[in-house]
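Report on the following structure.
Letters A, B, C and D mark the chains in the order given here, with residues in each chain numbered from 1 onward.
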Amino acid sequence: MKAVLEGIVKECRPYTAMGHVATYIPQLAVADPNKAGICIVTHTGEIHCAGDCYDRFTVQSVIKPLILLLALMDSGPEKVRELVGVEATGKPFDAFNYSDQALTGAHINPMINTGAIALCTLIHGETYDEKFNRLLELTRKLAGSREPELDEAVYLSEKRTGSKNRALVYMLKAYGLIDDPAEELLDCYFRACSILVSCRDLAQIANVFAHHGRNSVTHEQVFPKEFARYVNATLATCGMYDGSGEFALTVGFPAKSGVGGGIMGVIPNKMGVAVFSPALDKRGNSVAGIHMLEQLSQTLELSIF
Amino acid sequence: MKAVLEGIVKECRPYTAMGHVATYIPQLAVADPNKAGICIVTHTGEIHCAGDCYDRFTVQSVIKPLILLLALMDSGPEKVRELVGVEATGKPFDAFNYSDQALTGAHINPMINTGAIALCTLIHGETYDEKFNRLLELTRKLAGSREPELDEAVYLSEKRTGSKNRALVYMLKAYGLIDDPAEELLDCYFRACSILVSCRDLAQIANVFAHHGRNSVTHEQVFPKEFARYVNATLATCGMYDGSGEFALTVGFPAKSGVGGGIMGVIPNKMGVAVFSPALDKRGNSVAGIHMLEQLSQTLELSIF
Amino acid sequence: MKAVLEGIVKECRPYTAMGHVATYIPQLAVADPNKAGICIVTHTGEIHCAGDCYDRFTVQSVIKPLILLLALMDSGPEKVRELVGVEATGKPFDAFNYSDQALTGAHINPMINTGAIALCTLIHGETYDEKFNRLLELTRKLAGSREPELDEAVYLSEKRTGSKNRALVYMLKAYGLIDDPAEELLDCYFRACSILVSCRDLAQIANVFAHHGRNSVTHEQVFPKEFARYVNATLATCGMYDGSGEFALTVGFPAKSGVGGGIMGVIPNKMGVAVFSPALDKRGNSVAGIHMLEQLSQTLELSIF
Amino acid sequence: MKAVLEGIVKECRPYTAMGHVATYIPQLAVADPNKAGICIVTHTGEIHCAGDCYDRFTVQSVIKPLILLLALMDSGPEKVRELVGVEATGKPFDAFNYSDQALTGAHINPMINTGAIALCTLIHGETYDEKFNRLLELTRKLAGSREPELDEAVYLSEKRTGSKNRALVYMLKAYGLIDDPAEELLDCYFRACSILVSCRDLAQIANVFAHHGRNSVTHEQVFPKEFARYVNATLATCGMYDGSGEFALTVGFPAKSGVGGGIMGVIPNKMGVAVFSPALDKRGNSVAGIHMLEQLSQTLELSIF
């Protein structure tokens, strides 16, 4: 297996030249675009790695499935569904008319920023500090590691430049979908996106989703099976932004990408997988990352379709 | 298994009262809204039925995966992808400005009318008559039955009232995506939608997709494995219209619905399933049909996520 | 005045190099892009011309105000308003879902193709042939000339290549806004767009709108004052496509452009004006034409704002 | 004239029952819905009033033409046009994809919130406090009165509940259109909307626009003619939100409405007019106000079309 993974990294690393590292926040722009790593965690908990699989990068949008999971665990599926829909329509909202059509939960999705931010309000905690800490602890527990931690510099960079996310929060408030104080909520979300992880961490996390909440080594049921189904199904239809349809065709399993260059893939009942390579395509997905997942899927016949 | 299916039909039939039969063409409006049937075909080719599973109804949009398949078989995946994308964006097109943004293949999908109509041009045949006959023969072959046949009355009714599909064809022509004569193309599509099938037929067809092109009884490989993956992946992200995201959550396998009341479901490596009940929800999906699939999925643990 | 107009033509003719003649129908593509002409007709009926003001070109979208006028004359403002709105929203319509939001009159406008085509159904006449002839006669009457006539070659060219307009007609039918036979209706519209006119003709027509239905020479009240207001107001908000807002700023009076290169301008209570130059900008408006109108407006202080 | 205006108020007051006062901020919700007033200021500076024409209300969106004017005066038309377009397209912006199409100036308009907020950055002043004071002084100067002043309670109410405007500011920042500190900018805008005015004040202001920057009594040229044209043209195409097209038809002169119930109308070279009545239609325009303007326009033949 090690040889297979090393072959994949070797063959796909050249694709890094076809993308660009994210530049919208300064801290991301300094990433080395040539990095490429892969890690899989199997049914029995074995870990196989190749390339830069222990490099650390910020989790960014790959935290979204964990936000969704914690919202499900804390507030239950009814409240989650009431607040945030599951369609990938990305319906627009604008501000032309005084009495324009309302923005409703049906217009948003847990895997886009608006939905993920809204779901932070359903995580338990007296303060947003506590909510963030509970999310970080869940991340560590699923990763089976104490290594995931906040990258303070990225967080502060996001906070300074996060006008788009600020706009989304105020839009959610304007339409009455959320009520919480904007800056605290944003702070929690910016910190959530700035958690440092490695491929190994993400593959471990993905493996728990793949086994529907059950840890492959300890056999502990960390969260209910149906929450794993909820998350995995949502990833399948909307995890790769506008590229979700194509990804289903060429790779064929639920996955979530982040602009830090990581992608986490869930192969139900089989394994968790993660790749890392910071050069992105125009949709914000890791170029070499997608190619590694494609090769892996074909080599090991991992498509669920 | 028979008992399980009969229980499901019994429990779900009352949901028929919550929907309405399609009325946009007169021939569909006369359907009996209380009908409900289910059929599954297993890995070994066994058939299990309950309710009105031998009733015949027009296939309508459930023909779309077969159009996609035949286009793949006849013209290959490159040409198919070039003509019709895989994203479920449903991007709008209008006619405000002389030089408006072009409609491109990326804006359409094989599971919406525009995409399915465009794909008919990639089916081989000297004439559109021949194209239709090849599609009908494929349907019969996959169904393992000579029973699927054209419902002349529905076809003529569609033809008379099909202004929306006519509009779509001319839009495709206006943007240079297709070149064929509009009325012949439409005729082929209207006839394709008017093929009579039963739950049994659709479950047989679904079973071939579930086994990636291989017939469970004869073991013949009817079409290449990768074409099955192409179709199944497309169904998973866009088979149930706007309801695709929710369906992934509550049912969890690739499926395609039609306004005739049929839904075909593909459980890869396991089985094909079909339900029939003509009362539709506001998205055009069979109300009792979705409930039957939900119960079946939960009872037999069929979610692939 | 003659000197003023000649100065304007001379100064603006070089702008023809910045545009391109319409190519979407072959007959338009052969136009000489360097042509430029202007004509004004004053309060007392005096005619002043410069440049290629007697060249003939097809009226194209400049026929829309005349279609609106004849629909108002034949069916009255209530029926017109019921069928076609007055907002310039250009709302999109697509075909994703079986039960998508309806296309309503509020989504269309008399100055876009969809609205103008729909309004043809409100022109009186036993046949569409008769409707077209009544429109042609109205054009001649307002132009004070028998010269406007059908350009058969352009009409046949439009008919062969008019897929977009065909799409719009079937969309109107699909949503129940019109009921008439598609091809006859389209034929009438294609012929309406293919009427040959000169700057002189259009300036004469514009002058009747400027004097609210009254002929400046004969003093005949050709149509009621309020119909002129209806047309002029519609031109002001939507006559120049997406460029209507900018045109109000830089020129400042109601106008309508066509892809044949003509623009007709109405200066209420003062004069009618028309320019011709077939090289178009990306919005489909005549480049040199807009510059000529800008200069004219500034020189003679014609802005109504 | 007095009798004419009193007749109009009397006849139109019953329409107040067909609308509702704005409730999105508490201070607006307490307005008396039965109020109705009108005021005109003529070419020679004569003032004619009827009904509740000295009642004071907050200017709300009617401040937008003054923001545009001051931005023009302070920064010039080039900078204004560079920052904010003139089309009434109200194009949507959303946040689905990492690399979505940019929001550009062409998507916004001085008469919608996004555009007006952006234009505040072009008003001169060391601080936003100073910018606001310069806007208030301009308002007083054009109104010929020291009475316009800040309604502190409405301002604080707007500030507390202004999530939608906050969202718009952050969207402008996210797309790099503006750079200024969000809260100070919003504070200036919220205060601008909270200036108390009467019909008399607005009619005076409108009269200066009607005479292209020249005061009818003192004959002072307060601002350049072309700035008046810029504002008036913008009002004509986009002053009444989605109702601009219909307003052009039924009333026929440039106007701007606000959710405080005021509407200011500009009849170029003739007069300024203002109405007040706080019950609004679904587009946010004063119901009785629009009816009063319609009657006035018909009685005095004020349509410019």
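Worth a mention:
As a working rule, contacts are C-beta pairs under 8 Å (C-beta built on N, C-alpha and C of every residue); 3 or more make two chains touch, one makes a residue touch a chain.
Nothing here was measured: the structure is a model prediction, and the numbers come from that model.
Chains touching both chain A and chain B: none. Chain centres here are Cα averages; for chain A and chain C they lie 53 Å apart. Per-chain CA centroids place chain C at a distance of 32 Å from chain D. Note on chain placement: the centre of chain B and the centre of chain C lie 45 Å apart, centres being C-alpha means.
Counting partner chains per residue, chain C has residues 90, 242 touching two or more of them. Arrangement of the chains shown, judged by which pairs touch: one closed cycle in which each chain has exactly two touching partners.
Those residues of chain D whose C-beta lies close enough to touch chain A in the complex are 22, 90-99, 112-114, 163-164, 166-171, 173-174, 182, 241-242, 259, 280, 282-284.
In the complex of the two chains, the chain D residues touching chain C come out as 85-90, 109, 228-230, 232-234, 236-238, 242-246, 248-249, 252, 254, 268, 303-305.
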